[in-house]
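Beneath this line is the structure, given in structure tokens, with notes to follow.
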Amino acid sequence: MAEIEIGRGKSGRRGFDLTDVTIVPSRRTRDPGDADLSWKIDAYRFAMPLVGAGTEQALSTDDAVVVGERGGLPLLDLEALVAESAGRDEVGEQLAKIKAADLRVGAAVSPGRAVELLPRAVEAEVDMVAILGPVVSAEHVSVNNDRVNLKTFIRSLDVPVMVGGCASYSSALHLMRTGAAGIVVGADRPDLGVGVPLATAIADARAARVRHLDETGVYCQLIARGPITSGAQVAAAVACGADAVMVDASVIVGPDPSAEDLADDLREAMAVCGYTNLKDFQKAEVMIG
Amino acid sequence: MAEIEIGRGKSGRRGFDLTDVTIVPSRRTRDPGDADLSWKIDAYRFAMPLVGAGTEQALSTDDAVVVGERGGLPLLDLEALVAESAGRDEVGEQLAKIKAADLRVGAAVSPGRAVELLPRAVEAEVDMVAILGPVVSAEHVSVNNDRVNLKTFIRSLDVPVMVGGCASYSSALHLMRTGAAGIVVGADRPDLGVGVPLATAIADARAARVRHLDETGVYCQLIARGPITSGAQVAAAVACGADAVMVDASVIVGPDPSAEDLADDLREAMAVCGYTNLKDFQKAEVMIG
Amino acid sequence: MAEIEIGRGKSGRRGFDLTDVTIVPSRRTRDPGDADLSWKIDAYRFAMPLVGAGTEQALSTDDAVVVGERGGLPLLDLEALVAESAGRDEVGEQLAKIKAADLRVGAAVSPGRAVELLPRAVEAEVDMVAILGPVVSAEHVSVNNDRVNLKTFIRSLDVPVMVGGCASYSSALHLMRTGAAGIVVGADRPDLGVGVPLATAIADARAARVRHLDETGVYCQLIARGPITSGAQVAAAVACGADAVMVDASVIVGPDPSAEDLADDLREAMAVCGYTNLKDFQKAEVMIG
Amino acid sequence: MAEIEIGRGKSGRRGFDLTDVTIVPSRRTRDPGDADLSWKIDAYRFAMPLVGAGTEQALSTDDAVVVGERGGLPLLDLEALVAESAGRDEVGEQLAKIKAADLRVGAAVSPGRAVELLPRAVEAEVDMVAILGPVVSAEHVSVNNDRVNLKTFIRSLDVPVMVGGCASYSSALHLMRTGAAGIVVGADRPDLGVGVPLATAIADARAARVRHLDETGVYCQLIARGPITSGAQVAAAVACGADAVMVDASVIVGPDPSAEDLADDLREAMAVCGYTNLKDFQKAEVMIG
């Protein structure tokens, strides 16, 4: 870790955004058609490494179906669903619609309501759950509130869990130790002066993934989250170490860019750089442009 | 100190502004309500680490009361007060108004008029005084003028003194040695080609604070001064080492942003990074973004 | 190779664009008239180190003649020529027009159609051929398609071959090993997040040229390709190590800038820096501005 | 010299402009009135370290008088003067006007016409001469033209000579060895891709000045030349090592900024940083902001 001296009494590392990163072609090239974009988390395989969430407004069930049909994992906003419905029945109805299309679906909730709402979602046969906040840690310390102990809670759920965002080696490592199948990387609050540029956050979490794998034998998925809207940015995230990317569902549903364009671009990026699958593409040489 | 070669005959360090700095969340998070923003200088405790001064126009007594009520330390402009009043009585009247509200109040003056005006302010029972200029040193050398010897003068005053701005390790250390309770960090004159980017100035003064503490057992407060108007910038200043921040009173009085917003943002920044008090928050990991 | 840590799990080098580079005058100066801009590839000598291709639309035969007359090498787009003509006769006709002016002419084709089209061009007595794509490697791996083996194919042609673009030491080295007379350096696909800033791509290929020369005794020409439109950029490319530059033919044909202006600027750049030929100019000291 | 790798086959140093540099206040401050701006070259002393030349149009005799009255050294454009007058008498007349005001005056000429025109100027009792071009070296090599040998020619003149611009350690050192009283630092031709950022050019020439002083016992003046129009920029140039600065006469003559403003700013910059003369101010700590 190369520290830069800000002044005599404080140093810090330099952070890099995905837009600072460019991928260097290797000495091989491939056919775009030979590039495999599939992503697997726990027992589920997806045609594309994309998690489609509603970031500005809750994901509609119709859009969730489109996300799933185009190969991504749709994440319903459990809190919005519960708020809209009088009781919990509607959650099951919405899930049923998606599952009727033979698609996988996930449900997201904030840490504060995870204990209350996630068991209902699991009961309604959601495939995966996500505990999401701007900044989520494995160790939330509170004087007054009784907050969920993620280490106990996540292991108690019967479905794979994604949790985050986080933005450092140690916070990523501790989230992995909760037993989550995947962690969401990216915890930016520029309005508070808090955050880590995304390329650096991913690369730090990647090192945590290596250590966690060494300690436990478990490979924890890294889902990068940030202002990602193009195949170029997905490619950069993967080259930094991400296994998948969380985007606003509109990026997948379209109309511009749509999942097809994005997949085509990612496939072509892999091809011109000489890679045929995402795991190998993580090894691509990158440059700070 | 990593020097960069400008050319073969001159080198210099790299300086960083607060806007270059982003704070890295730790592996813990907290509740914003558990974050304690209080700041103590000498015997006085303030609910917020903010000194409200009039930077473009003198602080009115009414605004001073608001600054105090919202938890900050108001700094009256002694020279403006004296200029407005025929005699010195008005100074006492203004102070009385503020003290009637059971609030602490300070009075600021430039180094050139400190000897003349500060004793009057102390007599009028001001709680603190500040000797402020764009660039103030402990050793002002003059051929013709008889300038105040800060080392003697500051120790002669019966109230705690803040003095500055300064912008390097050695100038901060020498100002601390005058016996000041706090030093104002930030000495920027871009119109003259002179200045140090604020994050670097704070971090350098922080190292001087450590040395001064080691030499004397006295912890000298660092009050960062610069174009600070948001909770994010206050957070960055604290993470670099500042104990408090001097802002234009309008930043505290409002309407936009008001002290409440700023305090909320600072409290949330501390919470998502896992800290409960300002001194601990100074240890936060930072990154050059 | 100085690697920068993006994060704990990924590092990368820093890349530089031609616009980041400025050339440092040496302790000598020269007359612009003494600067020799000539460039030699295989047996052919050109008055200027410029390859004029049609980048946005195919190069017309008229423009090709102007490119040649002004001292550059015109590159016809073989695929466009074939598409326009019913049969292959037109290729020969176009070439004949240019050769009638006693000028050298090249024909470019993409790797996918090289085997099909290049032999016809050679038969039609083109002077050089170019196998060009955004990113071309010596080792294209394909599951379904039967792609050209460049190492065999290039050696089978009876004319000198340029091939590229490439953008790293290893990809440049492997393209050189195909027996190409020149390689095209620059493989930028910013839309895919892929690419290497051009100054760095040239400097990396330069190192590959040294190794290839050491291994084989053959000096392979580096033709830089990128958004180059001025003498200043040509100068920077040469100073980084390029032997010639591929530009859109309009840069040579004019009206603004025209080849004359560009040649004048390049000649003057060499003169004020103290160099009289392009090979020496490659040794010029450069600075990152 | 810290080299940055542009790519494996080419490295270069990083260059800095005056606008990249900010001056760090020392632990002392001074009164602006105690700052001495005077500059001495050979036997001549000037109230301000400014050489006023006509950069866009030739300096009028009236403006030359104002430059001199305000404490700077006016540089007449000898070639323009000769071109305007039928014979050489007018040169003497113009000089006489300025000298009648009891002011020092210099005459500038390009290297190509130095041998022809400078002896006339010396005869007409000019105080100093300047041999100026965008890039001037001590060793101009020409196949066809008979160019002046500066080493012989400069020593043959009976008045002090300034010569430049130059932009590297070795070119500065060789110009110093011609016996010039001052060298002009700054040789920027961005239109050609050639040049060195000015702060770096000055700092490199400063190192050459030290070596030249060590070798010969002679202190050669460094006159910085570039787009300098403010006291802040003059201050930065001096802090990097310049003894004086060449500006367009309009910067001195006014109206905005005028020499008075510029002198006031420079004096205040020196005072807040704690320096009383320009030579000491060259030692000021600087920072890359």
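Going in written order, the chains are labelled A, B, C and D, and every chain counts its residues from 1.
FYI, a contact is a pair of C-beta atoms (placed from the backbone, for glycine too) under 8 Å apart; a residue touches a chain by one contact, two chains touch by 3 or more.
Please read these numbers as outputs of a predicted model, since none were measured by experiment.
When you average the Cα atoms of each chain and compare centres, the chain farthest from chain B turns out to be C.
Interface note: chain A and chain C, two copies of one sequence, contact each other through mostly non-matching residue numbers (shared numbers fall below half of all numbers used). Chain centres here are Cα means. That of chain A falls 59 Å from that of chain D.
In terms of their C-alpha centroids, the spacing between chain B and chain D amounts to 42 Å.
Shared interface positions of chain C, defined as residues touching 2 or more other chains, are 13-14, 200.
Interchain contacts close the chains into one ring where each touches exactly two others, per the touch definition above. Pairs of chains meeting the touch criterion: A-B, A-C, B-D, C-D. On the chain B side of its complex with chain A, the touching residues are 1-2, 13-14, 16, 21-31, 33-34, 169, 199-210, 230-236, 239-241, 265, 268-269, 272-274, 285-289. The part of chain C that touches chain A in the complex is made up of residues 4-10, 12-15, 17, 134-145, 166-168, 170-171, 173-174, 187, 189-197, 200.
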